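Two complexes, one shared chain (chain A), two partners (chain B, chain C).
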Partner chain A sequence: MSMDHHHTTLSDRLTFPEDNKIATGFFAAGILGVVLSLIGLFVNTEQFFYSYLTSFTFIASLVLGALFFVMIQHVTRSSWSVVIRRIPETISFQLLWLGLLFVPILFGMEFLYEWTRPERIATDELTQYKQPYLNIPFFVIRNVIYFTVWGFLGYKLYKNSVAMDLSDDPALDKKQRVLSAPGILLFAFTVAFASFDWLMSMDSHWFSTMFGVYYFAMSFQSILAVVIIIVLYLFRKGLLTKTINNAHIHDLGALLFGFTVFYAYIAFSQFLLIYYANIPEETLWYYYRFEGSWIILAYLFLIGRFVLPFVLLLGKKAKTNYKLLMGVSIWIVILQFLEMFWIVMPILHKGAISFHWLDITLLLAFFGISSGLFFRHFGKHSMIPKNDPLLAESLNKH
Partner chain B sequence: MSQNTAIVPNNQLVKGNHDFASITKLISDIPQERTPLWWYIAFGISNIVMAVMLAMIAWLIWEGVGVWGLNNPVGWAWDITNFVWWVGIGHAGTLISAILFLFRQGWRTAINRFAESMTIFAVMCAGLFPAIHVGRIWAIYWIFPLPNSMQLWPNFNSPLLWDVFAVFTYLIVSTLFWYVGLIPDLATMRDKVKGTISRLLYGTFALGWTGGNRQWQNYEKSYMILAGLSTPLVLSVHTIVSFDFAVSIIPGWHTTIFPPYFVAGAVFSGFAMVLSLMIITRKLYKLEDIMTVDHIEKMNIIILVTGTIVGFAYAIEFFIAWYGGVEYEKFAFVNRAFGPYAWAYWIMITCNVVSPQFFWVKKFRRNVALTFILSIVINIGMWFERFVIVVTSLAQDFLPSSWGYFSPTYVDVLTYIGTFGLFFTFFLLFLRFLPMVAISEVKGVLPQANPAYYRSNNGKSKTTE
Partner chain C sequence: MRSNSNQYGVLAEFANPADLMDAASAVNKAGYKHFDTYSPFPIHGMDDAMGLKESKLGWIVLIHGIIGLLGGIALQVWSMDIAYPLHISGKPYLNFPAFVPVGFAIVILLSAFGAFFGLFALNKLPRLHNPLFNSDRIAKATDDGFFICIEATDPVYSEEKSTAFLKEAGAIHTEIIPK
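Then we have the complex of A and B:
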C-alpha cells in the first residue's frame, strides 16, 4: 500500500517485439518434430503412441497447471500476481485445441490401454468387471467433456482478460471471479478423472485414490517453474523489467519452493501407503517402475525434484537469484517430462530404461508447437493485463 | 494505451474509528474489568463437566477399558474418534498463525491469538484419549523411546508411535508460537494493570520486553522462523493421524488419498470451531470492530473450500472403491452408505458436504447467525466422519461371523462431553486473563501503521481531526 506514485504508471513497453523470432523458431522446431515423428509412426507404431502419450500428458500438465494458477489468483483476488498473470493466461488459452492433440491417442488405444484389447476382455475377469467404465465410447465421451470444460475456461478467462485491456469495465473483473470459483471445482473433478483415464488405466488393474492429486501436484509445481522461466526470459530480452520486480519474483520462488514440498508430500504419501500395506494389486504399479534401471528415475525424482530444489530455494536470497531460479526451474520442467516418461514407459519397456528417438521428436513436436503458439499469442496483446483494477497495487508491491 | 490507475481501496480490516490507543484500551481493559457474572456461571459449569470427565477417567482406570462400549470386533471407537476430532480442531490455530502469515494475509491478526489458544486446548483434549485408551495407564511412558532396564523399545514402524511424536511436536511448537506472539502484549498488560501481583506475573512472562527496535527485529525474525517450522507441522500431524488408518489393510481405511483429505478435513473443522467460539466472544466482549463480518466471510470461504475438498475425497474414494474391483473395499463403502451405520454416514454427508455449499452465496457467508449454526453443524459432521471411518470398517470386517455393532456406554458419552469441560475451563481462563487479540499485530494492519499515513493527512491522524 505504498503511496509512491512514480511506480503506479506503466513505463515499460507492453507488447512483445513484433518480429517474434522465438515463436518462429519454436514453430520450426515443432514442425521438424512432427515430420520426424510421422516417419516414426510407420517405423514403430507402438513406440510412437507411448511416446505420444508421454509428451501429451507432459504438455497437458503444464497447460492445466496454468489454468489452475489463473483461477486461484482470481478467486483469492490476489494483487501480487497481476503483472505476471498474462503469462499463465496465455498458456491456458491453449486448452482450446488441446483436445485436438488428444485425438491421435484414440487411434492408438489398443497399444496403450490393455483394457481395449478384445483378447484381454475375453480372458481377464477384472477387465470385464470394469467394462461399464473402461470402454471406448465412454472414454471418448469423458474426454470430450474434459476438453470442453477446460477449453471453455481457458478461452473465457483469456478473452475476458484481453477484453479488459480495451475497457476498464469492472464487470469483467467480476466475471473472472464468478467463472473461476466453480471453475476450480470442475477442474478438480475433470483433472482427477482425466489422470485416471489417461495414465492410471494403462495398468488397468491398478488404482490409487491419490492419483489425481498426484498429477495435479506435479503439474502445479511445473507450471510455477515455467512461469519463472518465461519471466526471466523476458527480463533477458529487456522486457517488463520496470513492471515485474524482485518482490514478484520472490513470491514465485516462494511458491515454487512451497509446491516442491507439496509435490513431495503427495508423491511420497502415495508411495508410502502402498509400500507399507504391501498388497499385490497395488504394489505392482511401483514394482514395474522400480524394476531394473527404472529405479534410477525414482531416485532422481526424490533427490532432483524434492531434495535439491528444497535446499537450493530455502534461503531468502535464493528466491531472487535469477541464475539459480532459472536453473532450478528448467531442471524441474525436465523432471516433469521424465516423470511422465516414468509413468508411461515401463509398461512398454519392462525392466530397463529405454529411450527411443521418438521420445525426443515427439517432445520436440509438442513443445515446439505449443511454445510457438504461446509466443504468437503472447505477442498479440499486451504482456500484462494493463487495465486490471488491482494492477496499481501489484506494481507497487515491494 | 489505456491504463487503470485508480487504486482499489483496501477493505479496512479494523472497523470503527480506531487508533493505536483505542485498540490497546479495547483489548487490555478486558482482563482488568470486573469479572462478569456470565463468566462465573460458564466457568462453574465447565468445572463441573470437567469433574465428570475426571470421574469417568478414574472409573475407567479403576475398572478397565471394558466400561466403554468396545467389543470384538470394534476395538477402537469413540476414543479414537474423539482424538482425531479434537486434534483436527486443533489445526485451525496454526494454519491461521503460520500459513496465513506466510501468505501475508493481514486479516489473520484479529483471530490468530484466539485460534492459537483454542488449538492448544484442543490438542490437550485430543492427547487425553490415546493416553487413557491404552488400558494400563501406568505403563503409558512406554510410548516414549526411553532406554530402560527391560530393553523395551516402542515399535518405530508403527504410525501410532509417529503420532506420539507428531502430536507432541505440534503441541510444543504451537505453544511456543503462541507464547512468542504473546510477549509484546504481555508487556502491554504489565504496563496497564494496577495490582502488584498481576504486574509481577505479567512482567515475569513478558521477559523484560520494552518494545525497543532490536527486540522487535529479533521478535519478527523468530516469529518468521516459527511460522516456517509450524507450516509443515500443520500438514504432518493430520497426515500421520491418517496414516494410523491408511497403512493398514482394513477396507475403508487403506486408501492413498487419506493424507491430504484428512488435512483438509482438519482445517475445515478447526475453522468451524474458531467461528463458533468467535461469534459468541465478539458479541460478549463487543469486539465486532476487530472481528468483523469480513473476517467471518473470509473464514467461510475457507470452510467452503476445505469442505468441498472433503466432499471431493468422499466421491473419489467411492468411485475407486468400485473401480478397484476389490470386493472387500466395495463392500466397505456400500456398507457405509447403506449398512447398519447408514444414519451416521448420511449425517456426515449432510453436515460436511451439503451444509457448506450455502457459502457459495455472499449473503449467507456474511450472515452471522447462519454461520454460527453451520459452524456447529460442521463439527457435528466432522465427528461423524471419524466415527464412520473408525467404526464401520471394524464392525463389519473380513469375517462375517464376527460382525458386530458398536453402542456407546454412558462412560463413553460422558467422557466425551467431559472434554468440553476441560476445553472450556482453559478457554475461559484464557479469555479472562490474557489479551485475546494480538494487540500489536492488529495495530500493524491499521492504516495508521502505514509510514505514509500521516504524510497524506497533513501530519494529522484522521481520528484526531
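Then we have the complex of A and C:
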C-alpha cells in the first residue's frame, strides 16, 4: 500500500459549480407546490393547516437536527467532521427565516389546537386547568423565543464559519465553541418545548415527558441521513471526492446506525411506558394512532425505521457502501415525513389513513424551497471550512 | 539449513513509524504470514500494510447477540405463558412489548460476554509468558521502539534470509529471539 497518510493538501475544487441547476429545479418545484397549496387553502382550509403543520414540523426537524450537529462538533472540537461541516452549517442557516414559515400556523390555530376553541375552554375542566400555559399569547411569545434563539445560533455559526474562510483569526474558532456550549443547553429546552407546543398540544389532554426527546431523536437520525445524501450527491457530481474520504463516510454511516438505535429506544420507551401503565388519559394518543389502518404506519416505523436500517447497516462494509447508504438514507427521510404525518393527521382523520393532495403539494413547497435555498447558499461559499484549524487533521482521517 | 526449532523468530527494530509501516508492507508482500508489529501507539493504516484480514470478533458478538435475543424471548415466553401464566393488568400472557426490555438486556449481556471473552480467545490469552520478553530491547515498544517480529513458525522463515530481508527493509537492529 502506498503512503496515503501523507496527503494534507486540498486538491479538489472547493466551490459548488455555478452551472449546476439543482437549486433552480428545487425552487421551481417549490413554487409549484406553493401555488397548488394556495388553491387548496380555499378548497379545504382545515386540511390545509394539518398538511401545513406536517410539512413544517418535518422541515423544522431537519433544520434543527443540523443545528445540533454543528454545535456538538464545535463543543467536542471534533476534527473528523470538519470536511463535511459546511453542509449542516448551511442547512441550519435556514433557521433565520424558519420563523416566517411558522406564521401561517398562527392563523390556523382554531383548526389545529382544540385548546384555543372557546367552546372547548368553556366546557372542559382540564383545558381550563392548562390555560396558564396553553393560551394564545403565551404560545406566540414562546415561539418568538424559540425562533429568535435558533435564528441567532444558526446565523452566527454559519457567518463565523464563512468569515473564517477569509481570515486566519483564531478568535473566530473560539467564538464557535463559546456559542455552541450554551447553544446546546438552549437547544435542548427550546426544541423540547417547541415539540410540546407544535405537536403534543394538538391532543390537549395528552402529555408525555419524553415527547421532546422523541422529536429530537427523529430529527437527529434524519439529519444524518440528509448529510449522507448530500455528500453522496456531491460525489456523484465528482465534487470533493479527494477531500471527503471513506473514513468520513464510514463515521457518518456509524452515526446513522447509532442514532437509528437511539430513535428506536426513545420511540419504543415512550410507547412501552404508556402501554404498560395503561392510564386512559395517556393511552388515548396511541389509541387514535393505532386505530384502523393507522397501525400500518406504526408497524412500518418499527420495521422500516429500526429493524431494516439496523440489519442493513450492521456490517462494517455496509457503512461505506454508497448505494446502500443512499437507499437507507432516502428511506429514513421519507419515513420521517410519514412519522410527522402519523403524529398530526389521525386527529383530523380518525380511524383510517387518509392522504390528501395537499399533503403532497405542501411537502413539495417546503422541501423544494428549503432544498433550493440550501443549494443556493451552498454555492455562495467554499463547500468546506477551508481555514479551519482542524482541517488538516480531518483530511488525514483514516 | 539449520533447524529453527529453538527459535521464536527474528526481531527487527525500526527508526520511526513510517519505516515500520514500509517494512511491514514489504514483509507482507514477501509472503510472510506469521509476523507481527509492535509500537508504543496504534499506527493508522498498519492493518492494511500488514495485510491483516477483518477481525472475526464482530461475528462472534453477532452470534452471541442473536443467541441472547432468542434466549431472552424464549425465557419469557416459557415463564410467562407456559410455566407460570399470570394475569397482569389485563394484558395477554404473550405480551411481546413487555418482553423487549429483558430481551434487549440479555442481548447486551451476551454480546458483551462475546466481545470480552472473544477478544480474550483471539489474543490467545491468558498467556503467562511471551518469548519476545527474552529480548531486552522489546521493552522499548512501550516507549520509543518500533518492531517487527517474523516468527519461526512461518513457512517462509529462515534465520539468515529473514534477517537479511529485514535489514534490507531498513532495520536499525535485528536479533534472534530464543524460545
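We adopt the following convention: the second predicted complex is superposed on the first by the 391 of 398 C-alpha atoms of A that agree within 3 Å, B and C clash if a C-alpha of one lies under 4 Å from a C-alpha of the other, contacts with A are read in each partner's own complex, and residues count from 1 in each chain.
Criterion: a residue touches a chain if its C-beta (ideal position, glycine included) is under 8 Å from a C-beta of that chain, and two chains touch if they have at least 3 such contacts.
Keep in mind that this is a model prediction, so the values were computed, not measured.
> Please indicate which partner A:His398 is in contact with in the superposed arrangement: first for chain B, second for chain C, both, or neither.
A:His398 contacts chain C only, not chain B.
> Have a look at where A:Leu390 lands relative to chain B and chain C in the superposition and call it first, second, both or neither.
Once the two structures are laid over each other on A, A:Leu390 reaches chain B alone.
> Given the touch rule stated above, what does A:Phe207 touch, chain B (first), chain C (second), both, or neither?
In the superposition, A:Phe207 contacts chain B only.
> Should A:Phe189 be classified as contacting the first partner (chain B), the second (chain C), both, or neither?
After superposition on chain A, A:Phe189 lies in contact with chain B alone.
> Quick check for you: in the superposed arrangement, does A:Tyr276 touch first (chain B), second (chain C), both or neither?
both
> Would you check which partner chain A:Asp168 touches, where first means chain B only, second means chain C only, and both and neither mean what they say?
After superposition on chain A, A:Asp168 lies in contact with chain B alone.
> So, does A:Lys130 touch the first partner chain B, the second partner chain C, both, or neither?
A:Lys130 sits against chain B, while chain C stays out of touch.
> Report for A:Trp357: first if it touches chain B alone, second if chain C alone, otherwise both or neither.
The answer is neither, since A:Trp357 touches no partner chain.
> Please determine whether it is chain B or chain C that touches the greater number of chain A residues.
Between chain B and chain C, B touches the greater number of residues in chain A.
> If I apply the document's touch criterion, which positions on chain A are contacted by chain B in one structure and by chain C in the other?
1, 3, 272, 276
> What part of chain C is in contact with chain A in the complex they form?
18, 21-22, 25, 44-45, 48-49, 54, 58, 62, 89-91, 97-98, 100-101
> Would you pull the chain B residues touching chain A in the complex into a rising list?
Where chain B meets chain A, its residues are 1-8, 10, 102, 232, 235, 239, 243, 246-249, 254-260, 308-309, 312-313, 315-317, 320, 323-326, 360, 450, 452, 455-456.
> Which residues of chain A touch chain C in their complex?
The contact residues of chain A facing chain C are 1, 3-5, 268, 271-272, 275-276, 278, 314-316, 398.
> In the complex formed with chain B, which residues of chain A make contact?
Contacts found on chain A: 1-3, 8-10, 14, 126, 129-130, 133, 165-166, 168, 181, 185, 188-189, 192, 196, 205, 207-213, 254, 261, 265-266, 269-270, 272-274, 276-277, 279, 281, 386-393.
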